[in-house]
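What follows is a pair of complexes built around chain A, which joins chain B in one and chain C in the other.
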Partner chain A sequence: MQFRLEKRREPSKLMTYLTPVAAVVLTMVVGAVIFSAIGYDGIGAVREIFLTPLTNSFKWQDLGVKAAPLIIIGVGLSIAYRANVWNIGAEGQYVMGGLAATGVALATYTMTGWWILPLMFVAGMLGGAAYAAIPALLKTRLNVNEILTSLMLTYASVQLIYYLVRAPWKDPMGMGFPQTRRFAADALLPNIIPTTIVHAGVPIAIIVALIAWFVMSRSVFGYQMKVVGAAPHAARYGGFSENKTIWLAMLVSGGLAGMAGMLEVAGPFQRMVPGFPTNYGFTAIIVAFLGRLNPLGVIFAGIVMAITFVGGEVAQTTIGLSSSATGVFQAMMLFFLLAGDILIRYRIKRVVPVVEARA
Partner chain B sequence: MTLTRRNVLKVGAAAAALPLLGGKAFAQAEPLKVGFMLIGTVNDNGWNFGHAQGAKFMKEALGDAVAEPTIVENVPEGPDCERVLRELAQSGHKLIFATSFGYGDYVIKVAEQFPDVKFEHATGYQRSDNVATYNARFHEGRAVCGTIAGHLSKTGKAGYIGSFPIPEVVLGINSFVLAARKVNPAFEITPVYISTWNDPAKEADAARAMIDQGIDIIAQHTDGPAALQVAEERGIVGGFGQGADMVAFAPKAQLTSIIDNWGPTYVESAEAVIAGTWASADRWPGLKEGEVQIGPYNASIPADVVAAAEAVKAGQIDGSFNIFTGPINDHTGAERVAAGVTLTDGELLSMDWYVEGVNPPA
Partner chain C sequence: MPHRLELTGITKAFPGVLANDNVSFSVKPGEIHALLGENGAGKSTLVKMIYGIMQPDAGSIAWDGEVVTVANPKAARKLGVGMVFQHFSLFEALTVLENIALGMDAKIPSRELEARIRAVMTQYGLLLDPHRTVATLSVGERQRIEIVRALLLDPKLLIMDEPTSVLTPQEVEQLFEVLRKLAAQGCSILYISHKLHEIKALCDTATILRGGKLVDTCDPKQETSRSMAEKMIGAGLKDIVRAEGRALGKPKLVVSRLKTEKAGHFDVPVDDVSFTVKAGEIFGIAGVAGNGQNALLDALSGEIRSDDKDAITIDGYGIGLLDTTGRRKRGLCAVPEERNGHAAVGDFTLSDNSILTARDRLGMVMMGLINSGAAKTYTGKVIADFAVKALGPASTAGSLSGGNLQKYIMGREILQKPSVLVVSQPTWGVDAGAAAAIHQALVDLAAAGSAIVVISQDLDELRALCDTLAVINMGHLSQARPVGDVTIEEIGLLMGGVHGAEAHDAIPA
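Then we have the complex of A and B:
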């Protein structure tokens, strides 16, 4: 018996929005079955990973703080991916945004003033955008694949952190540990809810997603991005420049990744450390797709990913599930999502072998 | 338990934990919940394995007085560890061990929010009323390894894979070189810092690069056996296990190993919390107390070298020998410690200079 994938004429709108939900549900069901089969408390694992972070109000602050950078970066990536510009290096742009903000924080270390944080904010966005400009330049001038250049620049950015925190920016009070000094009070992101760890980056993430949704659905810019991505030929006839689109997509996604870097370094980290790159830039790729490349969907997806991170730790402390299990759940989710996407666009058809009739 | 908002909110979590407690409902006291936060996985066969063994030892020694220890693996040194610390504290752990240097800031921060929880930070330097620090004098073991290296190395050059140039690591490098140079005055090493505690690929790459440059002994201050595996594969004179006996990974290349024996100190801390006598302090035991142990010597090491190594070990246990007694020159050749003077613990814990024989890394 053979099967074949046959293209559907029109992908179902409804299913497009249902597959992410189905992927999450399938992940929970299959995860419970698999972990039970290998001798763990499978249902407990699913409960701790997916439900405890939602039911325990103490975890909400963690979800917000973990989801914020994922949402900000994910929004930028969803805009770029809509235009078929494959920026895989958001992690590097996040790092450069963090470094640019750190540069401002250290340069203004002895100063005070309300203007320091906004300056860091702008520096972070510019840092990320400037780093994303390199793949954009190479792509538009030399037609170099942006997937490779943006990805490889990520590794260069990590080395730059190592260099900076070891020599020029090293904390004089850090016992030789490679890290910058803790930022001065005016360079730290304020907490917006007292006695929690919720910092200003959390509402900023929501605002960014809402603005992006408005721009993408209501402006010429958004229209241009979508048309160039969906129908490049039509876009050319329509007078949209492909190079200009690449530039815009890279600068916006890089700038947002840089913004996330600034918010992280001035918020949870409070100083630059070698452990600053924590894969937000890569995880945000899953978030962008899980959110259907729609800024509002990205909010939902960012929170779902944050749940698996926070819940993974809950599962470790409460039922002793290994940390690798979190990775298994995240991978299953992406797998089911991509599999679902295939089934939206194609249907499985059984191939009946044609038996030749002999005369 | 006082009736605060925090406790009321905790009811949900407590309800989930009820079935666990059911069997012990009639025990006299609630068993102490002890949490361990690790930077790697317990099966790294080195640093994290050592702490997990310590946790196991504690449970076996104290029985029903403590609950099954909670171990959280793969916690990065950053804001993520703050969340894990809070999670442990909120879920009723009254004693929490944070076992990597970079957790320091976050331990202090979370400890402020949970004054009734005791925190112990391994290898750190920041303390508060409910944060203690503890470490082991690994450098004493390094002196034993360095003695063996000085005897066995043919090229007189060793490699050393470090994580970060913090005093704890610098101490180990200096101790190793000082011991080796007592045997072979021309001995030198070149450390490489790889900016992580656990990345087998990076550790192996560094080992290969250094072997290509002519070293025939390798030591490492990272968490796993990757460098030793490369030593085994390339057939150099050998290397040393760090944190645990790694002989299974390098039966020929592991000359001996420095074993971290955290069990007794974990028992002591847990007993102190149960008895209510716990107090913030800095503990720094070594070979004498048995917190640092030297593993079995490789059968290939000549008897006189084993005897020399054992002498260095015995001298450090009975106090007749201290590797950091002058005269000691720094890497430029200038005298740093005068003859007969021994560096104090304070000077050791802030050591940021290399002794003669170390080619300082860029």
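Then we have the complex of A and C:
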């Protein structure tokens, strides 16, 4: 029996918003089945990963802290993906943003002042944007695929951390550990809720998403991103340059990834360490799609992904599930989401077997 | 003798539309039968069911008196149904012979195939060299490949879908000769078109569809073009109303020595194109598709910028260096040939599509922010003034039929009151009623003092609409002449240009 995908006349608006929900539910169901089949407590795993972070109020602060970078990077990616600019290297831009902020923090180590954090913030964004400029330049000048260049640059950025924390930026008092010094007090993000780990990055993430939503829905910039992505030929006719759009998309998504890097290094990490790249940049790709490339949707998607991160840690301690299980769940979610997207636009049709024409 | 093809009560529904509603008609052996109707009348759907691409929901198809199920095109070909599509499926980089060989159901040795191709070509006077690369052929010659491909299967019914829309008048005459020869030998022909004088010249019977229903089956020779058109659109046809004795104004658009670079392998650039359009003048550019029309439109609209400021001037002001936005601000609007994905974004609402080209001229942008209220109001006005069948400014462009989308696009540009309007194929694939409305709007815009350039392959349209006519061939523009001074034969020869001469040399050995 053969099947064929047939285009639907008009994709359903309702289903567009329901597929992310369906993807999460399917992930839970199939996840439970798979982990049960390989001898774990499947239902327990799903409960610990998806529900405990929500029901246990001690975990809420973890959710906020994990969701913040995912939302900020996810918002940037959702803008770029709208324009069909496939920046896959947010992880590298996040690292470069963190490194640029670290550079400022170390250079101002002996100084004090309110201006240090804003300077780090700007440096972080510039660092991320500058790193994203490399794929943009290669794409617009030499038509090199940005997926490949941005992805490969990620691995280069990780090597740069290894070098910096082992040689020039190594903590002189660190007893040989490959890490920088702990930042001075004025280079650390303030906690906004006392006795928790919730730092200023959490409200910033929400503000970034709201601004991005406004810009994407109301401004010519947002219109440009959407029209170049939807119909490049029409965009040229409308007076929007494709190269300019590629530059803007790369710089904005890179800049936001760099901002997330700065907030992480000045927040939870408090110093640059080799373990700084934690795949936020890659997970944010799932966040962007789960949020329907809509900045408001990205807030919810960021929280859902944060739940799986936090829940994965819970499941590790309570039922001894390997930390890789989180990755399995996240991957399943992207899989079901993309499959759902196909089914919104196409229906599956059985191919009628060939019958002889003569009756 | 049984009918070659008999359709009884054919019904086919798509979500939301009844494409064919209880359609019955029959085609006799050797008959040339026209299938006539506006866009969206259900002609293509009907033909696709005969050719096995779709299956009817109800009704039956009888072939030589026997009821058959046509499961797929291969089964249709086996019955003896051949089809020549409006859009060709040819590989440009391969030769004629290779293209035909690829399309055959059965594998035939190349030498034998070539002999058969030459035999068919000689029999029907289809002149073509089997070893030429398709990329070097004119559209008319490419169509001959498709016809030869269909004839190799000895069809008993040949379906032709809008075959003349891309041909010069001379090529049309040659095609009709071939079709008449075929019919004389007993092959039935189902001829889909909306060009009424062709149907009168060629066809024995005409079946007219409107809104999926069969309206009438008549003898086109007994009808006037007008009476058939009115049956097709179901209402009286309006003539273009022109102000008599109007005088043309000062030169408005002056194009001098405009040229473009060759962009892709099969792109035809324009070279050394010069012409002048006065205020109030409609300037027509005729030509067979693929002779540089697209490059010319892009060069005029600003999608391709010139490196000479004065290559294009409006009222003496050089706009050659400006992009589309800059040229629009200076009063030049353009409508490209391709509606979906070029002139409009299918996934966007009509309101958002108005922002695409009208945002600067009509103040829809303030400090980088879009005034969506202004866009919605303007779109509503376009829908009302141009009788666009759409639910409202919030419907997506992709949900409109081709003709309605074209009315919207033309309205969007015309209501901006451009001082220069450049349009390509303004009524391509648009039904007679909508075409008349678009023509009237262009005439009115010219009467208000705008300079208009119409690039079209439809000679009837150009002769009805334009004051001045020039022909584009291989990127060169002929001398412009008043439309009354040129005969259709002269235009045809200019359109054929180099290609026409080559075609006559390529006599099969």
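Everything below uses one rule, namely that the second predicted complex is superposed on the first by the 356 of 359 C-alpha atoms of A that agree within 3 Å, B and C clash if a C-alpha of one lies under 4 Å from a C-alpha of the other, contacts with A are read in each partner's own complex, and residues count from 1 in each chain.
In this text, contacts are C-beta pairs under 8 Å (C-beta built on N, C-alpha and C of every residue); 3 or more make two chains touch, one makes a residue touch a chain.
The model shown is predicted, which means the values in this text are computed figures rather than measured ones.
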- Message: On the A-aligned overlay, A:Gly39 touches which partner chain: chain B = first, chain C = second, or both, or neither?
- Response: neither
- Query: Thinking of the overlay built on chain A, is A:Gln316 touched by chain B (first), by chain C (second), by both, or by neither?
  - Reply: first
- Message: If we overlay the two complexes on their shared chain A, which of chain B and chain C does A:Gly239 touch? Say first, second, both or neither.
- Response: second
- Considering only the touch criterion stated at the top, classify A:Tyr223 as touching first (chain B), second (chain C), both, or neither. second
- Task: On the superposed three-chain arrangement, identify whether chain B or chain C touches more chain A residues.
- Result: B
- Query: Touching A:Ala231, do we find chain B (first), chain C (second), both, or neither?
  - Reply: second
- Task: Kindly classify A:Gln270 by the partners it touches after superposition: chain B alone (first), chain C alone (second), both, or neither?
- Result: first
- Message: I'd like to know which partner A:Pro194 touches here: chain B for first, chain C for second, both or neither.
- Response: neither
- Message: On the A-aligned overlay, A:Ser57 touches which partner chain: chain B = first, chain C = second, or both, or neither?
- Response: first
- Query: For chain A, which residues lie in the overlap of the chain B contacts and the chain C contacts?
  - Reply: none
- Message: Can you tell me which positions in chain B touch chain A when the two form their complex?
- Response: 9-10, 12-13, 16-17, 35, 41, 68, 70-80, 82-84, 86-88, 90-91, 93, 101-102, 105, 125, 164-167, 170, 195-196, 350, 352
- Message: If we count contacts the way the header does, which residues on chain C are in touch with chain A in the complex?
- Response: 14-16, 52, 55, 66-72, 74-76, 78-79, 301-303, 323-326, 328, 334, 336, 338, 341-348, 352, 355-357, 359, 365, 368-370, 372, 396, 398-399
- Query: chain C touches which residues of chain A in the complex?
  - Reply: 9-10, 218-221, 223, 226-227, 230-231, 233-234, 236-239, 241, 352, 354-359
- Note on the structure: Seen from chain A, its contact residues with chain B in the complex are 52, 55-58, 62, 65-66, 162, 166, 175-178, 182, 197, 264, 268-271, 273-276, 278, 309-310, 313-314, 316-318, 320, 322-324
